[in-house]
Structures are given as structure tokens and as C-alpha cells.
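Letters A, B, C and D mark the chains in the order given here, with residues in each chain numbered from 1 onward.
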Amino acid sequence: MTKVTTLSEAVASIPQGAHVALSGFATARCAMAFAHEVIRQDLKELTVSQCVGAMDADILAGAGVLSRIIYGGGSRGRTGQHFCLNRAIEQGTIIAEEYSSLSMAFRYLAGSLGLPFIPIRSLQGSDILKHVQEVAPDTTGTITDPFTGDDWLVLKPLSPDVAVVQVQVADEEGNAQILGPRWENEEQVKASKRTIVITERLVSTEMIRREPDRTLVSGFRVSHVVQLPFAAHPSSVFQAYDFDEAHIDLYAKASKTAEGFQTYLDQYVYGVKDHWEYLEKVGGMQHLNSLIADPLLGY
Amino acid sequence: MTKVTTLSEAVASIPQGAHVALSGFATARCAMAFAHEVIRQDLKELTVSQCVGAMDADILAGAGVLSRIIYGGGSRGRTGQHFCLNRAIEQGTIIAEEYSSLSMAFRYLAGSLGLPFIPIRSLQGSDILKHVQEVAPDTTGTITDPFTGDDWLVLKPLSPDVAVVQVQVADEEGNAQILGPRWENEEQVKASKRTIVITERLVSTEMIRREPDRTLVSGFRVSHVVQLPFAAHPSSVFQAYDFDEAHIDLYAKASKTAEGFQTYLDQYVYGVKDHWEYLEKVGGMQHLNSLIADPLLGY
Amino acid sequence: MTVAKEYASFELMAAAGARELKDGEIVAVGLGLPVVAAFLAKASHAPNITILLELGVVDPEPLEIGVHGLSDPRIWYRAKIHASFVDMLGAVLHRGLVDVGFLGGLEIDAYGNLNTTLLGDPKGKFRRFTGSGGGNDIASSARRTVMIMRHDARKLNEAVSFITSPGYLRGDGERSALGLTGGPSRVITDKAVLGFDPESKRMKIESIHPDTSLEDVLENMNFKPIVPDDLPITEPPTEEQVRLIREEIDPKGNYA
Amino acid sequence: MTVAKEYASFELMAAAGARELKDGEIVAVGLGLPVVAAFLAKASHAPNITILLELGVVDPEPLEIGVHGLSDPRIWYRAKIHASFVDMLGAVLHRGLVDVGFLGGLEIDAYGNLNTTLLGDPKGKFRRFTGSGGGNDIASSARRTVMIMRHDARKLNEAVSFITSPGYLRGDGERSALGLTGGPSRVITDKAVLGFDPESKRMKIESIHPDTSLEDVLENMNFKPIVPDDLPITEPPTEEQVRLIREEIDPKGNYA
């Protein structure tokens, strides 16, 4: 039963106001082609969640798509802050429900296992907890451990409406592999009500059956499978391609101001019809070819 | 820093009365060579835990090594019950702290993540819960979900003293891969205070670095690495060898009575010096060669 | 579909079990005849069901079913996923995604409570059996449960000697009061297909198998199920279903 | 070991950080200079430390450190494990197995509380920074925490403007009362190595770097740390350490 479709169809399945979990981590496996299409389709009031803020969330924040981000903080590493996200939070146009990496991972884990709550040692004594108790008073609580009598902070499970996960390999049913470190992507997918898989390569189910221990995303969780090359550009996809350093620098500079960011959007998102035109715009095959990963290094 | 040692040294590291998590599931990846050496070294009063009862626990129960088993029930499949285990429980010589597969897996998971308790929907309304509340009153409790007001059963985490895990591939540091389904082995290892790895093949750390996403057991959790071929015989090891149907039948018949089982022990455990003599006794290289797995089928 | 001219009792049970599965459903399958029934459904009317084995196997395509239940690597062959208990029973079942739990049983009672742990022996003592495995988990969290077992008065009692896997407990909403949704939907024996009354949650006969009678069905039960006025005959397996079981699902006759 | 004749300030900081790690320890490493320090320790006196990166990487052997922090695949190269947050921050850190958490900071206070979230700007508003990532988790669950940061009066305050990662909170056992063990053990700046008084949990100077003075150290702090009578000079990096940083750990000079 094939779920292979276009990016445009997959994005069209997401209602205004939905909660979308995104697979990016800083500058790795960000759902960029997906984010661009969300912006072009003019989705609004989305909630986005991920453990560590990534370029996919930043561009959505900059384009005014988000009303809330649920995350654990994060940056682009040494190329700077997520300027759009930080600006939107400072200006109060989006609400930041901010935790830590493990709190987020545990919230997804609890969602993935059908746990009603999950205890955690993190956050206690911090202003993160105070802030969360203000902006999202229903996501934390205190429980007395029946075995020791100790008080524990507990977190509410997170169950996004859709997980959007950028992977290297998937079949038409949505069975998918993630190569390299997986951060919280497995828990995001399992916690979400359904999953959209964006894959670099589409393979036969026969290939999935050859290495069943690599299947992190089960087909039965997946509603749409979209195959597109370089769909995470300018972020990296391990074993597929490296990040595009020059383009990330360009994005970093542009996004430092709202005006600069608008120019970037006009050029690279609104100024192109689809992902294929975007790939042409950022340098086409000749440039993209230079990013292809060395199979030994993975980048 | 090599942790490679002999089976005899590895078993000698386990104190009387320890809680040992075993990696077997029914007739697959049972820690048989390990169990035989435990019997020969005359360990006593061990607690054994595993999700589903396996041949490794059965032979230890029959030999009088155990004082308690913490498990979720189980059998040898269509070749019958675990007669030694059932006999010992019926006669009251060992205490069965009996849950279900998921309760056990969740107890290990909680132990592996440092959670003080874990909620579960299972067991409620069952006599399993009543029985556990009698034999182990400190492992279950009730908590009111602070988010919904519902009452939930919670389980206490399980943190065995040692996990003994039969794997296909490991390096000298104990970094190990499990091929095929993994049942609760990953959570057992991560929940335990330390791990003894019994591996069919010893590989260089360089091989581990080639496929880091396959490393389920981290070297820093491991105290001893023992390389022995056919160490799970007569159970199966996926991608290494099939179960030995004739020998399992022989074991099944022998273990139906205490006397028959004693004869089996005298012949195959006490009657041999070590695992090498055992392999000779069960048919030697010619017989064992016939069990080697087909790489396509895995059995 | 041509009805099979001759078939074994277990083949009819497997066919009746298969019929309980709708295409596209996620099915957690326990060891024994449920395995045959689930593969039969997948090979015939329900190609898009997802078959889960609790130890961490999804949608295998075995060449033969094997003899050692779920631990036999034969039944892991060509799976789409090899994973773990936590993945199967946690992230699918406990997460609420399993449509049907498919279990074998040792003893069942009028409210669908299942015992796989202890049976009284003639000397008045108890004998131990397999216990739960994933059975209790599946019966607690699946949206509905289908059970397959022998039709034998010693095994069909008003109350089981040990509730391993909860059915409707003593009826009267006792199950849902504990926060357990779902519950038993069918019990398939070698004499009848039984269901549960929506109100009282007590077992009721849905159909009786060919070559048996209501008398035979009732005589071999230790409690009185609800007997509807209209009592159909269980549909026998088709020729194609019998061929699938014998040639493709269980070619070595391990379940015969 | 010959002391290096010339070295950069960050090289001394990396060497001082490396010195905090004992062989065999498990170290959770945050992005920035802690990465250089941890690899330096592993390449010199502590070959058996285990290096964890929160996103799911254990013991990589990178050819170069890369520019994008933990998300740069250069730093995943030749790892022994590629796994997940739940594995690293859950099954190792929260499980209680991390000996040392190694963090960079934006602002720290007298009790080792770390702020990486909000800094006041001259207009009296706040500017947002990275927030926690795994920092809060590491500071909450590691057996001890080592921090590396700039020695700058705006960043070394009596109390931070936002506690992202808890140190000893306001001292007086406030941390342990919350069930948090561990706590900050060292703060390494470009002017000094600081520790914490075992009783009051207040920051105290352990050593000051060559080519600086106690006056310089104190002038550039917005609170008064405990100053011991005996104040050693921080040991400079060795020639071999400087060579390792320049030639093997960060050959492209990304951290220079």
C-alpha cells in the first residue's frame, strides 16, 4: 500500500494550528524542504517541537508560521544563534515552552510508550522550571515516590499531531532507516499521531527486510512518504551530504535582521515554485555534487 | 583496556546471592555455557530475572542455584513447559515473582533510565498483581496522575547486579552487537550494575566503529568479555547457529522428572570440565557444523 | 470461494480466527494457533494487516512457522522490523495502537478472563503452566482480544482458577472501572465461535461449527453461555485457505 | 613533560580542563571548548575516558572538530556508538553513570549556577541565547560539573539573571534538598581556575594563570570569591598538549 506522494500533498495534509515535531538538530537533518513548502502554503499558528532548536524551526519562526515552540533551547553551533526564533520570542510573537534536551526526550518517550507521566531529575531548582510553570502550567507536576517517599518532578507526555522526519532511506510503506546518531527522532515518531517521512532515497520493501534491525520508523505510523534529494539543504544528512557552509553563512547573516530574513525568504522560498527550483537557485547539480558525502567519513 | 577473560573467571566474579539478569528467551540466545559454569562453581541463592523464562533459567532452577526468579512467565514453546522451574515453584524451593513481559521490560527500562517508578496499564484486575503483592510487596504501588486525576499502577525499577548477555559480536572492551530481535536485552544491560558479555565472535574495536549504530552494549557497562563458540547451545543464536532440536528434546524429556534432570546434569554439566568438553559431548565439530546458520535465513 | 471438502478442526479454527481480522489492522499475535490464523488472514483477505510478535518482530514472511513458538528464528524471517519488547508491547501496544490481540488460552471463564498460569490437578494441588508472557499486556491494552482454545469442560469454567489476562473480570463495568478499555471480543474453540453480550459482558454463542450440535457445545462447558435464538453454523474454511495453511503457512505440519 | 614556550589562552584553558578528567571516567561534553579539552585528556593522560555527546555519540575519533558544534558530522567520525538522547542523557546520565559534565557558559554566579538563556542588554531588556540543550540535564545529574568560560565581570555575577543549569543554587544545602547530588567542581576561565568551598559552596580561587594577577582576576568578577592564602599559578600546557591541539584535535584552528 504505497504512501508515496508529493511534498505539496504531504504538507496540505497538515491543518492550521497543528503540532508538528521536526527532526532537525541544529544544522543536521533539518526538514528544510518541508519547512519551505509549509511557508509557501501559508500555514499558520503551528506549534513546533524538537529537543534542540534547528534550522527548520528557525525558518518557520521567521516566516511567522509558528505560535509556539516546545523545545530544549539550542543554536546553530559556532555559526550563531537561531536569530529568527530568538527575535520572535523576545518580541512575544511566539511562546517558547522551553525545557532541556532530556526533558523533551522524556516527554516524547512517555508519549511513545503511552505513559501518563514520566519522572525526571532535571529542571529542579532552575528558572527553566519556573518559566515552564508560567507558560505551560499543565505540563509539570510533583509526585511522591511510593517506594522511597521522595518527591519527584513529573512531566506530561508529548503527543504531536504529526512528526516530520528527514531520513536517508525509506520504502513506499514508510518503513525508514536513520543513519548516524538519531537524537530524539525515534521517540518523536513513536509519540506522534502520524508521521510524514521525507527521504533521500526510496527503496523497495525487500531492502527493508534485509536489515530489519535498522528500521526505526514503522510503516504503520506513516501517512505520507516523500522522496526528494537534498531535502535538508543547507543542513547535513549523514552518509548523504554535508551541510552547505557557505549557504548557512548566508542564512546566518540574512537572518540577523527581520529585513534581511525577508529578503532571504523572497529569494529562496517565495521566489521558487518548489524544491527543484530551490536546488537550482542554491547552485544546481554542480554545486550540490560537491556536498555529497564520502562514504567512509559520512560527510 | 581489554576485558577478555575466561568463562570461569567471569563466573567467579559473581557473589553468592547475586541478582543476575539472563539474556535468553525460551530457546533463543540462552546463556547456557554460563549457566553450566555457574552450576559447576556451585553458586547458590541467586536471583535470576528475564522477561520470558528461558532454558538458561530452567537449568539453574533445576540445579538448585536459584532462590528467586523474577520474570513474566514463559515456556519452551511447543516443546513444553520449563519443567525444572515449574517444579521448583510448585515445591516452594524457589520464589516466583511473576509479572508479564511488558511489566518486566518496563521495570528494566525504568532501571536503565534512572526512573524511580514507571506507570503501566498491565496487571490490573489480574491475579498476577495479587500474587506479586504477596511475594514482593515493595515492587508495586499506586499513584494519582497529576494531569488527569486517574489512578495508575506503578512498578519499581529493576537494577540487577549483573546482566549476562549472549551476543553475536563484541570487541575486547565489551562493545557488543545483538543481531535479530533483541527482546529486553538492551534494557537489561542498561539497568544492571555491570554486564558480562558472552560472545560468539570477538572483533576489533575498528569493526565496532564501522557500524556504531549497531552497538547495543557499551563497553563502559561491561566487566568481562568471554568469547566462546556455541555458548548458547542447545538454544539458537540468530545468524550464528540454529537450535539443536534433538538435544532440546533430550533435555525436555530428561527434565520432566527430578531424577531424569539429575542424570542430564551429571552427564552434560558435572561430567564435563568446561564448555569445550561439553561441545565434544553433544556431538563435537561434526554435529555442531550442521547447526551453523544460513546467512540468508539467519538460522 | 469454494468451501473446502475436507479440513482439520484446527484449520477451521484458524479460518474462523482469520475472519476476525480486518484489513489494515495491527495485530499482536501470541504463540500457537493465533500465528497460523494471522498469517492466513494476511495471505487472503487482509494483506495490509501488521503482524507483531512481542519479542520484537514485525511482519515476517516465514518459509515455515517452526516449532519453538516466537523464539524460533524461522518465524522472524524476512521481517520488516527486528526490535524489542519495549518497542512492541510498549511503543505499539501500551501506546494504544494494537487493534487486535490474538491469544491462545489454557482456561477461560464466562467473562473472558484467561488463565495460563495455574490449573488444579486431580490431587487437589495446582500445576503451573506458562504464566503470562505478553498475554496479560495484550489483554489489558489491545482494542479487542480474540482467543483460540480447546472446547473442553475443564477449561471453560464459570470462573478461572487464576486470572492471568483480564477479560471483563466479573462483568458490570469492573474492567473499565480499572481504566482498561477494549476487552475480549471472540473465543474460537473447536466446537463454536463465542462472543460477549454487550451489556452483561457474559459469553454468548455466535455460531457452532459444522458436525457439532448445540448440545455438544453446552455439555462441554462448565458454565451456561447466552444462547441466541438464531444460531448460525460457522463458515468452514475455503479450499484456498486450506491450501494456504498446508502448503504455505505450515508446510511441515507443525500445527497439524 | 616540557612546558610549552608559547601558547594561546584557550590552549591553557583546554589543558586546565583536561586536567580535571581522570582516566576511566565517563564524561558528558557540551559544545565549544569542553570538546577540545576532553579530546586533549583522551589523547594524553586519560586514554580510557568515555566521551559522550548528548545527541547520541560515544567516543568518536574525529579527524577535525568541525564548526557546527555537536551537530557537525565531523565530530561523529569513528564513534563506537551512534544512538540517541534517551540513550545518552537517559540511560547513562540520568541513570547516574556520568562522572563529569563538561559545560561552557554564558554567565555564572558565586554558587556555580549557570545561565545560557537570557542576558540583560544595555537598554534594560533581555537578549535570548541558546537555552539549556543538555546543559541543565548534565548539571542536574552528573557526579560533578566542570565549566569553561570567559573571565569577564559582566559574566561573573553574584547571582545570574536566569538559572539555566543549577549549581549550588543559593548554597546552604539548597541543591541537595532538591534531591540533586553532584554539583559544580571547577570553573576554568581565561584568568583563573576556580573551585567551590566545601561548606559554603561559594566560589573560591584555586589558581591564577601565568601572566595575570589576583587583582586582575578579582577586578573582572562582579562578586568576591573566596581567596585562599596560598595561591598557586595554574600549570601551563605542555609542548605536547599544544602540539596535540594544533595538529591533531583542531588542525583547522576552528577554536583558535
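The criterion applied here is as follows: contacts are C-beta pairs under 8 Å (C-beta built on N, C-alpha and C of every residue); 3 or more make two chains touch, one makes a residue touch a chain.
Quantities reported herein were computed from a predicted structural model and do not represent experimental measurements.
K.L.:
Taking each chain's centre as the mean of its C-alpha atoms, give the chain farthest from chain C.
P.N.:
D
K.L.:
Please tell me the distance, in whole Å, between the geometric centres of chain A and chain D computed from their C-alpha atoms.
P.N.:
About 28 Å separates the centre of chain A from that of chain D.
K.L.:
Rounded to a whole Å, what is the gap between the Cα centroids of chain C and chain D?
P.N.:
Chain C and chain D have C-alpha centres separated by 58 Å.
K.L.:
Report, in whole Å, the distance between the mean C-alpha point of chain A and the mean C-alpha point of chain B.
P.N.:
38
K.L.:
Can you tell me which residues of chain A touch two or more of the remaining chains?
P.N.:
Chain A, residues with two or more chain partners: 114-115, 121, 150, 152, 180, 182, 213.
K.L.:
Return the residues of chain C touching two or more other chains; collapse runs of consecutive numbers into ranges.
P.N.:
Expected reply: 57, 79, 82-83, 86, 90, 94, 141.
K.L.:
If I apply the definition of touch given earlier, which pairs of chains qualify?
P.N.:
A-B, A-C, A-D, B-C, B-D
K.L.:
Taking the touch rule as given, give the residues of chain A at its contact with chain C in the complex, in rising order.
P.N.:
On the chain A side, the touching residues are 1, 112-115, 173, 175, 190, 205, 208-209, 212-213, 215, 218-220.
K.L.:
Touching residues of chain A toward chain D in the complex: what are they?
P.N.:
25-28, 51-54, 71-79, 81, 86, 89-90, 98-106, 109, 120-128, 150-152, 180-187, 235-236, 238, 242-243, 245, 248, 293, 297-299
K.L.:
For chain C, which residues are in contact with chain B within the complex?
P.N.:
So the residues of chain C in touch with chain B come to 31-32, 53-57, 63, 67-74, 76-77, 79, 82-86, 89-90, 93-94, 116-117, 125-137, 140-141, 162-166, 169, 174-175, 178-180, 254.
K.L.:
If we count contacts the way the header does, which residues on chain C are in touch with chain A in the complex?
P.N.:
26, 48, 50, 57-58, 61, 78-83, 86, 90-92, 94-97, 141
K.L.:
Okay, in this complex, where on chain A does chain B touch?
P.N.:
Residues 114-119, 121, 138, 141-143, 145-148, 150, 152, 154, 156, 179-180, 182, 213-214.
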